[in-house]
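Before anything else, here is the set of structures, which you'll find just below.
Each of the next two complexes has subunit A plus one more chain, namely subunit B in the first and subunit C in the second.
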Partner chain A sequence: MNKKRFTINEDRSLFPEKNAEGKIDIDLSSHKYLKLWQGPQHPGITGNMSLELTVLGDEVMDCETHVGYLHRGFEKLMERRKYIQCFPIVCRVAVPEPDFNEYCFASAMEELAGIEVPEMAQWLRTLVLEMSRLQSYLMWIGGQSGAFGSGIIGQWSIYLRDLVLDRFEELTGGRVYHMYQLPGGVRGLLPDGFKQRMEETLLTIEKFMDDIDKVMFNNAVFKKRSVGMGYIDPSWVNKFGITGPNARAAGIPLDVRKDYPYLKYPELDFDVVVGKDSDIYTRADIRRKDLLLSVDLIRQIFAKMPEKGDIKAKTPNVLHWKVPKGETYSRAECTRGEYGYYMVSDGTEYPRRINVRGPSYTHAVALLEKMIINTNIADVAGLMVSLHTYPPEIER
Partner chain B sequence: MKDIIDRIKTKYTISEVVEQRKNLSFVTVSKEQAISIITFLRDIEGFKHLVLLTAADWIENDKFQLTYLLNNPTEKIDLGVRVFISRENASMESAHHLWEQVATYQRELKEMFGIDFPDSPGVDKPFILEGWEDIPPYRRDFDTKQYSEDTYFPRPGRESNDPAEYMKKKLYPNE
Partner chain C sequence: MKLKDILSPFTAWKHVVREPVTIKDPFSREGADRYRGFHKNDIETCIGCGTCEDICQNAAIDMVPVEGIETKDGDSGLRPQIDYGRCCWCALCVDVCTTNSLSLSNHFTWVDEDADVFRFIPGVDKKDWDNEERGWKKPEPNYELYEKERVPMRELHPEERDKSFIEMVKGYSKEEAEREADRCVECGICIATCPAHMGIPEYIKAVREDNIEEGFKKLYETNPLPEICGRICTHKCETVCSVGHTGDPLSIRWLKRYIADQVESEDYKNILGTDGIENNGKKIAIIGSGPSGLSAAHYLALMGYQVKIFEAFDKAGGMMRYGIPEYRLPYDQIDKDINYILSLGVEIQYNTKVGKDVSLADLEKEYDAVFAGTGLHLGRSTRIPGSDHENVYFATDLLREITQGKEIHVAEKIVVIGGGNVAMDITRSLARLQNQKYGKVDVTATSLESEDIMPADREEIVESREEKAIVDPGWGPTSIEIENNKIKGLHVQKCTSVFDEEGRFNPKFDESQTKFFEADMIVESIGQGMDIEYISKDIREQMEFDPRGRIIVDDYFQSGAKWLFVGGDIIQGPDVIHGIANGHRAAIGIDKYLNEKA
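This part shows the complex of A and B:
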């Protein structure tokens, strides 16, 4: 496979020269340039944010990210809610990955209150987080392939995501938002026959991933459009705050599950998936391997978790719970990187300040605005999805 | 972590140290020394990753708390650098030259808390809110309920409950 870095319009003589800051002076009245808005109605999974593109021909010369189409003021709302009332709010910060929000919020609260979560609850939380990862990746496959013209793959993967959501419905009663994790533990044990039904779902997903290998990763169109495209230099990782698969594809093994072990991850056997070419194809490949790793981890969890046990630690009455004064930061590895909650308590029944650290905050604004320059407009959507961004995290 | 804090203390003044857990501590520093300390931590102590930059409003003390949460990916430790600044004409030196994403954080803080970061690129441009004319909405004195009552027309026939009272009635009817 040709690993040459992808460039378009190699003859630069028709393009304006860059100024001292490395940018070009855009004069819209010259009629050479066109302002083009991508979004916020873009049907891909990166919807609800828009990119103000300045294009010359079909090449992007300048880009500005616009967010705010989905701002619901979660962080402010939480300051006016008791801690327990925040649980229906936090899960809505990232639609496809509500469980990471629940976990980070609950664990920050438990740390401040000095509550030890029972072992069984820890296993169930680990399970729910991995199931959440699985369905989020399945949704991403649809977005990535759709952005490069293979819409049918999205239909398959959304069907499989629905199978995972069926399991979520059995376990938690909710499909998209679960509110399964509570301070001190979780809401319930596994229903009868859950493991077997989950295993059937996992087998279906594995079979699907074989198909994905053929129709997506060995597809000439997908390869031509993704290999060498959207390069992230490893030196940008700290400079831009890149985490998760976007950093791992650049060869930097960042994974909160390994680096800052939480829940039952230290008892599970897995290696961090790392790539080296750091292009769209490598990032897609990392996510595919991560998805299969989740399948493996769910099996390991089932094999190692006890059948029964306490699922909730004793806590004060949640309506009158005064969390001790202090501040902390709790993190977890979601599909896009480091997810974290910074919680400040003033010792009252209401949080003083909650700040959600979503990986998209860094990936979708500063990084995307840099990467998108000199990209063909047809590749913009594919590039956005390859960073796996969710706008609601930017404008919590 | 203690060694790092001791090394900072040899060069700068730290007014408070809180060890939250083994790999997470918070230090409170002065507004004047903050950016210098953060630069020292990034360049000398290996805190190369900025996890987040955020603010908390301590309206009763007339202060904003800015928290720069730094991470050392090699040692796998976090250090939160806290700076208290006055709420009146709140302003802080910009750190956009240290990490690329800081300009976005500062733009948000300007909009949501009204904290100014002079010289930060695009800090005055609206980020999330458009055409906002009220006080910055994440300040404690901004009344969300009043705002929504004033802004949005109440729908007739809609019952509204105080969430805390409603849940209490549901869960503990006899209390």
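This part shows the complex of A and C:
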């Protein structure tokens, strides 16, 4: 049991030895090193990306991330689509979190066009964003425990996620791709009895979260594998552009909902969940608390939102909507951090440029490549899931 | 390591006895009420406007011809075909549908081994979910992807206009016009219906983009009288406008007027590029300077023909000038359109009645071809007892005399017989004159047709009432009561139906319901007849006539006498836009005929 384990304070830069250029001399013909591809078809990897690992024994020496398996060219496609035609596209940028894309796209357009979204629509948007956060975390939590060998949590959490998707189906007409937050507003009021059914879903989630707490978080195996593992130094946060729970676990309270309040968040009562140990366990715990915070926020939204109201502002004819010249950046706090749309309009019916700023790009490429060095290959999947990255959003 | 962390995970075992949550039969699971499932289309309501095809970002929708659905005014005859290999179920097609015919059912699964069945025409290819009520429909209320309400036109108030002949419609401002133009969905249903097939979506786009020159050029491609048409066109385009199915139709007429109003007379030639047209040495005579004659003259002049118009009156314009009151169509606007056509080298010989001052045979000799657009100027009489009294007038005669500035007889109590636009014109003109003369209005318009099928434009009826005229439709006149050679009034009986089952004019009356309108002057406005006495017998022998005495012409408005082309109200209509279309088509026909002859 003299396996090398890294603790928080150990200097990773000392091993393996670097040459004068600061790189490792990897001589594959020495039979000392082995190239190992993890992904793109690997159950332990999130989505379609792959890691080209160079291992020494079972320890990772070098890592190169490869993306491109899921490239759909959305940003370029959108330059050839009218604004309204981009609306069904944007939700597909990050598959498990369509709503943040819809919100950022719509709000960027509304800002450029100077459109005020009605009160009711703002509440409904806030609700949908929190529901989306809930289902995204539920999907993640199964992946996190699954990556460390516990399949049961995934069975529960995917069931819970389906309950939330049932509510999405009622409210938006779609389960996965909701296409609900249209530029100018939303596409429907709450159906009859929705609040009550949502409350039942929330109660079920809370009940199961108690069990998940017992089975996953108070679990010797999980703790053994996650505590002290995958450390992110607070000083990296700015350098690597780390946001969301990954930054909050490092003790830095970054949350767009508080820092740049949008929609109805200023009217909701909540505190940013912050951790301090910055390892896989802390990040998981932050996300668990954030999930429960979403449950609380949904209840607050139900209590505060009006019963009726306009769902959509008057907009120009969508078939030839010319958004005024200008550029803007609109952001929202998604489950993984800051999500943003940079939109440039040249005053025509087509967007000149739309750039999607997804947190997965910074987390899964640069940060992962750095963190993965010197980990055991058995921990790679768990480490990657703990960053909560979605490859479709890296590639767009 | 705590002992609790070792024992705690075993609590998972309690779930062994929990009820399973899996759906046992996923095929019969029902979608939510709003679920975006498979497409349905109410094929009878759908007009094939293709807006769904336009908005679909996946190109999943194709408009295809469907057996049993004919192309007609207001219906392209096409229906959407959906390809589920491309559809992303965003339902924007449903939200944007102009007729609300498209919707989605909440069906969840559709399994088939044949891939081709997933490309289908909803509503035509019958599906299990066609009668499913639930599923995605356009959200309600206050959810529109384009504005359904028309930008209101500013008009003079009834009190401001009921004494004067000042133009009552003020026209759109730039902002209003752009807002109205924004509502267009560019389906093009209007193009097919417009007799002149004007490029309506294109010039509306020009308004939207504030490109007046482009819009002006578009107007002149098919219509050389935009100022006139922009005011008094019967706007069949608006009747069929797809936006009108669930909202107000586009104000196509006012937008046309907006473009024409923005251009000054002196800029016309510059914008249209009509300076220095080469003369081809051929001469064309045109009889009558109404819309068809002017339209033919315009397009012939552009082709290089030397055109001369023979006009019976001392001013050009025909019915547009002598039949339409000034408050609807000011004379300076007529002149603006006509002066441009004259500036292309078209000559007009006024006060020359063909058949009297000059014979048609002479024109045949002197000119390469002749176009006759002499219109319908003869009033038709009801021929009821008493209709030969001197105080029974034809509307066309009175309207002409008002234009000519003659003093006409205006009685204190007037009844107008007729329910068309001409009847409304004379009613409203007489109301103004009564107001000027007596300070009060007492004119009643009565028609055979009940209010819902009155041929007059709806706004004409409304505005007549605003001007305190009485419109009392649904009565058939029986006799005019005359006592001591003075008209006492008009006896009418209830008209129960105007047309028979085959759609022919065959009015039925209920003799037990009668009414008496007191009046000391009666105006008949029940249609007009044509006067083609100028066509001599030997020419007529070369021509063909239908059993009702109407001239038969071919697609190019060429009559049996090959050199004689006939168009306008005597062939089609009666209205301005048909005349313009006829004139344009005849101009092409004349060019073709002369080229083939040479």
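Note that the second predicted complex is superposed on the first by the 374 of 396 C-alpha atoms of A that agree within 3 Å, B and C clash if a C-alpha of one lies under 4 Å from a C-alpha of the other, contacts with A are read in each partner's own complex, and residues count from 1 in each chain.
The criterion applied here is as follows: a residue touches a chain if its C-beta (ideal position, glycine included) is under 8 Å from a C-beta of that chain, and two chains touch if they have at least 3 such contacts.
The structure displayed is predicted, hence computed values, not measured ones.
Visitor: Please determine, from the superposition on subunit A, whether subunit B and subunit C clash or fit.
Guide: These partners clash in the superposed model.
Visitor: Touch test for A:Asn355: subunit B only (first), subunit C only (second), both, or neither?
Guide: After superposing on A, A:Asn355 lies in contact with subunit B but is clear of subunit C.
Visitor: Output check: A:Arg81 vs subunit B and subunit C. Expected answer is one of first, second, both, neither. What do you get?
Guide: After superposition on chain A, A:Arg81 lies in contact with both partners, subunit B and subunit C.
Visitor: Is A:Lys314 touching anything from subunit B or subunit C once the two structures are fitted on A? First, second, both or neither.
Guide: In the superposition, A:Lys314 touches subunit C alone.
Visitor: Let me test your reading of the model: by the given contact rule, A:Pro191 touches which partner, first (subunit B), second (subunit C), both or neither?
Guide: second
Visitor: A:Lys23 in the overlay: touching subunit B, subunit C, both, or neither? Say first, second, both or neither.
Guide: Once the two structures are laid over each other on A, A:Lys23 reaches no partner at all.
Visitor: With both complexes overlaid on chain A, does A:Arg72 touch subunit B (first), subunit C (second), both or neither?
Guide: neither
Visitor: Using the touch definition from the top, say if A:Lys223 reaches subunit B (first), subunit C (second), both or neither.
Guide: second
Visitor: Per the definitions at the top, what is the overlap between the subunit A residues touching subunit B and those touching subunit C?
Guide: Looking at subunit A, the two contact sets intersect at 81-82, 84-85, 319.
Visitor: Using the touch definition up top, name the residues of subunit C that touch subunit A in the complex.
Guide: Where subunit C meets subunit A, its residues are 1-2, 4-6, 8-9, 11-12, 14-15, 21, 31-36, 51, 54-58, 88-92, 95-96, 104, 136, 139, 142-147, 182-186, 205, 208.
Visitor: Once bound in the complex, which stretches of subunit B touch subunit A?
Guide: 18, 20-21, 23-24, 26, 48-52, 54-57, 65, 67, 69, 73, 76, 78, 80, 99-101, 103-105, 126-130, 137-138, 140, 142, 144-145, 163-164, 167-168, 171-172
Visitor: How about subunit A: which of its residues touch subunit C in the complex?
Guide: 81-82, 84-89, 152, 156, 159, 166, 169-174, 177, 179, 185, 187-189, 191, 211, 214-216, 218-221, 223-224, 310-312, 314-320
Visitor: Which residues of subunit A touch subunit B in the complex?
Guide: 67-68, 71, 73, 75-77, 79-82, 84-85, 111, 236, 238-241, 254, 259-260, 319, 326-329, 331, 338, 340, 342, 344, 352-353, 355, 357, 361-362, 365-367, 370, 394-395
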